[in-house]
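Report on the following structure.
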Amino acid sequence: MSVDMRTFLAHVELANPITTAAGCASSGRELAQFFDLHRLGALTTRSITMAPRAGRPTPRMAETPSGMLNAVGLQGPGIEAFLERELPWLAQRGIKTIVSIGGGTVAEYSELARRLADAPGVTALEVNLSCPNMEDRGRVFAREGSAAAEVIASVRSIMRYDVPVVAKLAPDVADIVSVARACVDAGADALSMINNPLGMAIDTEALRPSLAAVTGGLSGPAILPLAVRCVWQVHAALPGVPLIGVGGVMTGRDAFQLVLAGACAVGVGTALFHDPYACLRIERELEELLRARGFQRLADAVGLAHRPPGSAPRHLLVDTEESTP
Amino acid sequence: MSVDMRTFLAHVELANPITTAAGCASSGRELAQFFDLHRLGALTTRSITMAPRAGRPTPRMAETPSGMLNAVGLQGPGIEAFLERELPWLAQRGIKTIVSIGGGTVAEYSELARRLADAPGVTALEVNLSCPNMEDRGRVFAREGSAAAEVIASVRSIMRYDVPVVAKLAPDVADIVSVARACVDAGADALSMINNPLGMAIDTEALRPSLAAVTGGLSGPAILPLAVRCVWQVHAALPGVPLIGVGGVMTGRDAFQLVLAGACAVGVGTALFHDPYACLRIERELEELLRARGFQRLADAVGLAHRPPGSAPRHLLVDTEESTP
Amino acid sequence: MQVTGTVLTTRRVDAYHALTVVAPGIAERYRPGHFVSVAVGGPYTSMVTRRALSIHDVKSDYGGTVELVFTVRGAGTAWLAERRARDTLDLVGPLGRPFPLPRDPVHCVLVGSEYGSAVLFPLADALLARGCRVDFVLGGAGAERVFGAMRARRMAETTTLTTEDGSLGLRGKVTDALPSVIADTRADAVYACAPMETLRAVTAVAMEFDIPVQVAVEESMACGIGVCMTCVLPVIGDDGATRMVRACAEGPVFRGERVRFEDVGTIPFDALGAPGGGARHVS
Amino acid sequence: MQVTGTVLTTRRVDAYHALTVVAPGIAERYRPGHFVSVAVGGPYTSMVTRRALSIHDVKSDYGGTVELVFTVRGAGTAWLAERRARDTLDLVGPLGRPFPLPRDPVHCVLVGSEYGSAVLFPLADALLARGCRVDFVLGGAGAERVFGAMRARRMAETTTLTTEDGSLGLRGKVTDALPSVIADTRADAVYACAPMETLRAVTAVAMEFDIPVQVAVEESMACGIGVCMTCVLPVIGDDGATRMVRACAEGPVFRGERVRFEDVGTIPFDALGAPGGGARHVS
């Protein structure tokens, strides 16, 4: 008996819930050397910016316990080249593609949306709100509900109605639910969380920050508990909103935690650096876990851990023993 | 040549920078079975509350990658019993003691300060601001600069001038510097950071949250990069304020990162659960790292990683090779 | 104390793994009922908490060894099961409050289920040394999960075995067999180590016979040394008040009737310091 | 491709560790200059990134083996140094752009410093197979850090050794010896693998002699497969524009004169997409 792994991002159906996390699969072609990209639920691109960007100086990465810091600085070819070279490559192959965009002003995000509005092959648009707002002393959009909402409202008004707009949120806030709510009120069709919390490491030989950019984004298993918590809180407050859970997913079990917390799709980032086949493996492991617990459909597991204590897990037909995780 | 490890928390001198993290050394007696508590820079108590507290139901802990979640809920005997039994035990032995307090209202924190104001043996008072504010729908004080400042101002006005008041901050905020500044403006003599970010794990067998309290505080190496970043940012903004760096310190090298970022003292929490001797080991390792780099005084290393690129590390008399960390 | 011990031998005992570790300081201080906490995962591991394991046996070879018996549950015990002779193992112990021993040579029934039985054998030795009569009731899900049947038979006056699938001894649980064993042996006291649910039932039986019962409980532990407060359960004190006490420091051995088994996993409303509880003013 | 290989042999070679791993698929696809990325720390490790290591050698035994030569730097290489025969190792590879080989039987000088030398030997084999003349210049801090001197002597027309402490060969750096080797051998091309600073100097020498130079660079890498963008350095393209290119995917082998060595660790103001740079409009 196979599990029905289909999931919906707003009205868009994905064959399975596993997607690459933004910025962790480059243009897509690199991973295509390892496996057929059609096997992904969707491919999420790096965050595309208006101009080409050279990014931050190196060192751009430092390993931390069960995690890593990165300060890539959205290096990428810019929207022009993306539309010319990268998106068509994906579109021609019919690969479900979530295009991520990043900007420094509401106008820039809007312009990006305009350029993408008529491009073929955009399955959904993910708005990376973890960018510094040039009009607010570099304060990151995702940390300020109203700034985030302004971006989302504008992008939503520009994109075609049938392309879901996903707001990608950061965990470095006092109240993720209020930012989530602001984005949904502004028209976000779905939310993706979490982007990297800001971290830092110091090189104890050089006595300097390990990263040239001083601070960087923390990713990997270390942040899984933060991602589960954010997904849980937002799903509890906004149960109808589709959530893409991202953060520290290395195994099907990690993905399952996010699903049980309320995510209907799961993004895989840092795990790809360790295992190019991570998305396929995680999808397989997740399906196996669901099957072993008697689920017939992934959808039945989404948010299931929210059920009140004492209520029977109705979807459990069999309750099999599990071996070592 | 031994390194001068003395440090100052405001005007209070500690023989070395290593202290236990609040809530991770119980009453102190437990660790005394393993080593002489006088060898600590200071012992920080659990957060003392007005009434005795039974805490949260079990399970109270879950292991996560390079970390753990806890939801103890400030279980403790209350201020009465603390003053009767726990503090005198420490005071009689002359153990430098940082007393941590926790409350649900400004009035409760103030009352705790009043009870401690004349108690002998209080080296410093640490105000745990990661408690839900009963007067603001349970919003945690540490997440709201003005609420945190109100607590600190009141406590500062009550405590004797010669007992430093330390504000303990949480990382789950959009801007730790603004909360830090609010506390310092309100009279905090020093800051301690970071308390546990809020996390969560789901038991994929039971399909429920792993913790009875659903969410819990994340601690351990996973959060070291967050602690380093918070200490760095606050030291950059408020270079004159003594900082106690806490979060994920397992080794002298971890402590050294916090020192280089700007901490003049370092708290050790989760590491104690793994190694009861962690504080002594970390102190020894930190001293060794300093010595190997030619430092004569710990104080010379505090915040050193902030020096502008290119400037010579003047305190480095010798630049010896280091073996594997 | 903390000891970096060397693994002397590893073996399988039915469904369990047994490790003998050279740990002189721990062996020396050991009393039946003590446990150790074991660091798992090796250097650079992502597992930050130790694993609590009862001491099954101590021997005097190599200055002192301790034997641990365990079942593989998650990642930490899986790692432990892969240890080989000459590997090193980082132990902290002996920890916890051991079994109190009777002053007089009384009749004792020792009840163990699954790996919980392991901790009872050195206890039996100590009881026998005091001239007590020892009878065992050991159980498990199936034959290969009943630990120590042979050894029990050699030491004890009688040994009763139970399995849930009936593959060995009586079909059923240890508590099904317990009443008749207590009656037959005219037992004066019961000692038990088993899952919480079983301990609750054992305690109920002992109380029915009105004889004292000492139970060794198992709670999820982050530190094992009394500093983290994660391992608590509601226990009634000498003053009649319920407190959330630490299984690692005040336990793991408790008088059965003092443990509020039905409230484990909750904060009983009348516990000292319970939220909103009038009990706040008890102390 | 990803391979879970078995360690066949481990040995020390002077200051270095060498591991031979059975990895048929990788050995088969291998070209000189390729590298692999190795998972370190075992299950439940806290180390999430792989370590990049050049392939020193491939052999056809056991369906195909690769040999890695490395020095212990941090926790990951320390773990690798503890591997023993029969342990398994998780490799991804072969990765990167290999050394381009000359069409004609030209004279080549191969310059290696420390473990960087390791990658040059299979290159030398390939060059010799094409009828090229090969000369080696190998260096290190001290005698025990000069890798492969014996093997170089067996393969090459001449082998020049340098050490900074003078304990072996000429006192100095490989670049001190390089000009006369190029002159003496009438070299047509240079290949080099060494720390960035040395590659810069090697490139300068080759450019002085106006001969092509291929360098294999080393940059901190999180993925090794081109998806994380952490391993970039400024390289001048065919169109004359500087781009921040990935050492793992576009490299690690580059034409030396295309690498802006003096700007490594910065974003040159004229790089494509540099902040505020006019170059934004180049593409």
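What to note about this one:
Letters A, B, C and D name the chains as they come in the text, with residue numbers starting at 1 for each one.
The rule is simple: a residue touches a chain if its C-beta (ideal position, glycine included) is under 8 Å from a C-beta of that chain, and two chains touch if they have at least 3 such contacts.
Keep in mind that what you see is a predicted model, and the values were worked out from it rather than measured.
Using the average of C-alpha coordinates as each chain's centre, D ends up farthest from subunit C. Subunit B and subunit C have CA centres that are 35 Å apart.
Note: centroid distance subunit C to subunit D, computed from Cα atoms, is 57 Å. The distance from the centre of subunit B to the centre of subunit D, with each centre set as the mean of the Cα atoms, comes to 46 Å. Shown for subunit A are the residues in touch with two or more other chains, namely 65-67, 220-221, 325. Counting partner chains per residue, subunit D has residues 46-47, 75 touching two or more of them.
Shown here, the protein chains touch in all possible pairs.
For subunit D in complex with subunit C, the residues that touch the partner chain are 41-47, 75, 79. Against subunit A, in their complex, subunit D makes its touches with residues 1-2, 39, 46-50, 92, 219-233, 243-244, 249, 264-267, 271-275, 277, 280, 282-283.
In the complex of the two chains, the subunit B residues touching subunit A come out as 64-67, 69, 139-140, 143-144, 171-175, 197-202, 204-205, 207-209, 214-215, 218, 220-226, 228-229, 232-233, 248, 253, 256-257, 260-261, 289, 293, 301, 304-305, 309, 313, 316, 322, 325. Those residues of subunit D that touch subunit B in the complex are listed here as 46, 72-75, 78. The residues of subunit B lying in touch with subunit C in their complex are 23-26, 30-31, 33-34, 46, 51-61, 63, 65-68, 70, 72, 75-78, 80-81, 212, 220-221, 250, 270, 272-277.
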